[in-house]
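Have a look at the structure that comes next, please.
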Amino acid sequence: MPTATALLITAQRDLLLAMRRKSDVLVSLFFFVIVVSLFPLGIGPEPLLLKKIAPGVLMVAALLSTLLGLPRMFAADYADGTLEQLALSPLPFGLLVSGKILAHWLVCGLPLVLLAPVLGLQFGLDGESLPMLMLALLIATPLLSLIGSIGAALTLGVRGGGALLALLILPLYVPTLIFASGAVEAQMVGMSTSGYLSLLAAMLALAVFFAPWATSAALKIALE
Amino acid sequence: MNLLTEKPAKGFYRFSSPQTFYPLAEKMLPWFWVAAALFGIAGLWISFFVAPTDATQGEAYRLIFVHVPASWMSMFIYLVMAAWAGIGLALGTRLSGMMAQALAPTGALMAALSLATGSLWGRPMWGTWWIWDARLTSELILFFLYIGFIALQAAIDDPRRADKAGAVLALVGVVNVPIIYFSVIWWNSLHQGSSVSLTKSPSMAQTMFAGMILMALCFWMYSIAVALMRVRAIIIERERNAEWVRTEISMEKTNAVE
Amino acid sequence: MLDVTNLFCQRGERVLFANVSFSLATGGCLHVRGSNGSGKTSLLRLLVGLAPLENNETGNAPAAIHWRGRSLRDSAMREELIYLGHHAAVNGDLTALENLQFANAQDGVPLASRDALAALQRMGLGGREDLPVRVLSAGQRRRVLLARLLTKRAALWVLDEAFTALDVAAVKLLGELLDEHLSAGGLAVLTSHQALPVVNVQVLEL
């Protein structure tokens, strides 16, 4: 069996589990919607201002919503012993872990990409900016899952896990936040977006290679 | 890297053994304190009495002599910390993790000092306590990274696991620091924020540069000294049940009585 | 032939065990015994590679675990190894069948549902294959886990408290499985607070 399918094994299982526990998924989606909707209530309904802050607000909300799902990435498997079995598998542990990250993105990240244009409309984003918003989120959300997986692994079974996870991971999310919302802002003022998108893509390529490795190392430390 | 591999045999890395390092650190300590004091006196003398008052910024610019060395040290210490962490993870040497743990609070202190002086300087110059300037913003994020490292280590009870988890975080952080720094500069230039670049604003006279270098050396020596003191405390705490620690402590007690 | 030399384990300040060495010939079974907290589980985790080997500072030969002339830490050796720990390692939201099939897939050996059903049947879970595991009892969950002994053809079994939560019939069944495994030339290392229902047991007291 080719080793690459190791990735599919865990991804398939986690997707199946997500289907069985739909409420978990829906909660983080609604969290995204609610956080975004709170901003107009907090700063007033002035259309120009809302349009200006829309990219940043949507990205920050996406970031927080991803963060909400992160503790679930490994916690259950750590508690019930499945993670031990994964670590003892003859298949590459890094790939098995990557499968779990992939599933997390499909469940917690991809829906945000699909939902974002609707929320963008509420903030008065125009027809050109909405596809850019989706594109930026499409590159940014897997990045959030990948970086976040490291924090999820480091805080497994640790006191104050959730808050600690936020403390560890949010600073690392800064470049993603800057480039993703920057791309949308650039589109809105008619500037070139290719710089932002290529930087985002470069970070994604880097994270695809290194994040699963760091996550596996952190998971093995947690299992010791 | 496979974390499950065997540890190298002891005895190979003689100075990586806490037992050997503990007395060695004690011998080194006074030298670093003396060096820190000498550089500090010379640096402060230059920065307060030799360096001229700046034509546009007045006396407030003298904060530069603390701000710039503190920023340098905060970044440098993070690199050193990550290097120790990496060594600890790769070779399984116990002392490396202790060194990383000992360095983190000093690094956080330097970042905080840099933020505080930057903010104090911004008040007379820009009439505001905080400016979202690239340098200050990335320093703020570096401060968060330090706090995260300290919090993670504090949250894990088993010191060996704490060391290893901290090491992974420090290595991930060190890869990210340049990316964060670059992204913040990009962000800042995009929004045309005002720059508080302290190093560039006064025309850098020779004396100013000398003062900054001396202060940086002072901070450097201070950081080493204080990290050595802290690592000694960590060694004693972690190895408190080892035979050599008991004899060491009883010897120190008798010395104190005499 | 499994050769284990100079295992050492320290938890915090306390040395749990030091200089633990044993060797196990083909068809051999090792029963690790000791009071609660004596380090039985730690020994098994050390053995399978979930914890890193550590060396005693006394300058003995370094800790090593060799099997068939290779280090048991080689990932290729894991195909021949099965470790069942304290935890049931089954997910409550998946059915017994799904859990078993996933466990096998993750070992790199996809399992046809016919074989999986047969294994569950033998473990006495016939008719409960499609129930989510969360509705099963603790003993039944252990049975789902133990079904892996049938589906993964491993030569070395490392079982932690394998008889816990099992009823009389299941204990007897596990004894039979062990017997079959050992007489086919397999190896087993177990912890248990009760006597093992197999002959030819080597005992290691911690």
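Residue numbering begins at 1 within each chain, and the chains themselves are lettered A, B and C in the order written.
What we mean here is this: a residue touches a chain if its C-beta (ideal position, glycine included) is under 8 Å from a C-beta of that chain, and two chains touch if they have at least 3 such contacts.
All values derive from a computational prediction rather than experimental measurement.
Enquirer: Quick check for you: compute each chain's CA centroid and the global CA centroid, then name the chain with the smallest gap between them.
Expert: Of all chains shown, the one whose C-alpha centroid lies nearest the global centroid is A.
Enquirer: Most remote chain relative to chain B, going by C-alpha centroids?
Expert: Taking each chain's C-alpha mean as its centre, the farthest from chain B is C.
Enquirer: With chain centres defined as C-alpha means, what is the inter-centre distance between chain B and chain C in Å?
Expert: 47
Enquirer: If you average the CA atoms of chain A and of chain B, how many Å lie between those two points?
Expert: The mean C-alpha positions of chain A and chain B differ by 32 Å.
Enquirer: Taking the mean of the C-alpha atoms as each chain's centre, how many Å separate chain A from chain C?
Expert: Once rounded, the distance between the two centres reads 37 Å.
Enquirer: So which bits of chain B are touching at least two other chains?
Expert: 3-4
Enquirer: Residues of chain C that contact two or more other chains, please.
Expert: Residues 49-52 of chain C each touch two or more of the other chains.
Enquirer: Got the chain A residues that touch at least 2 other chains?
Expert: 224, in rising order.
Enquirer: Give the list of chain A residues in touch with chain C in this complex.
Expert: 1, 6, 9-10, 13, 16-17, 20-21, 76-77, 79-82, 84-92, 96, 223-224
Enquirer: Which positions of chain B touch chain A when the two form their complex?
Expert: Touching chain A from chain B are residues 1, 3-4, 89, 141, 144-145, 147-148, 151-152, 155-156, 160-161, 164-165, 168-169, 171-173, 175-176, 179-180, 182-184, 186-187, 190.
Enquirer: Which chain A residues qualify as touching chain B in the complex?
Expert: Residue list for chain A touching chain B: 150, 154-155, 158-160, 164, 167-168, 170-172, 174-175, 178-179, 182, 185, 199, 203, 210, 214, 217-218, 220-222, 224.
Enquirer: Where on chain C is chain A touching in the complex?
Expert: Going through chain C, the ones touching chain A are 48-52, 75-76, 78-79, 81, 83, 85-94, 98, 102-103, 105-108, 110, 132.
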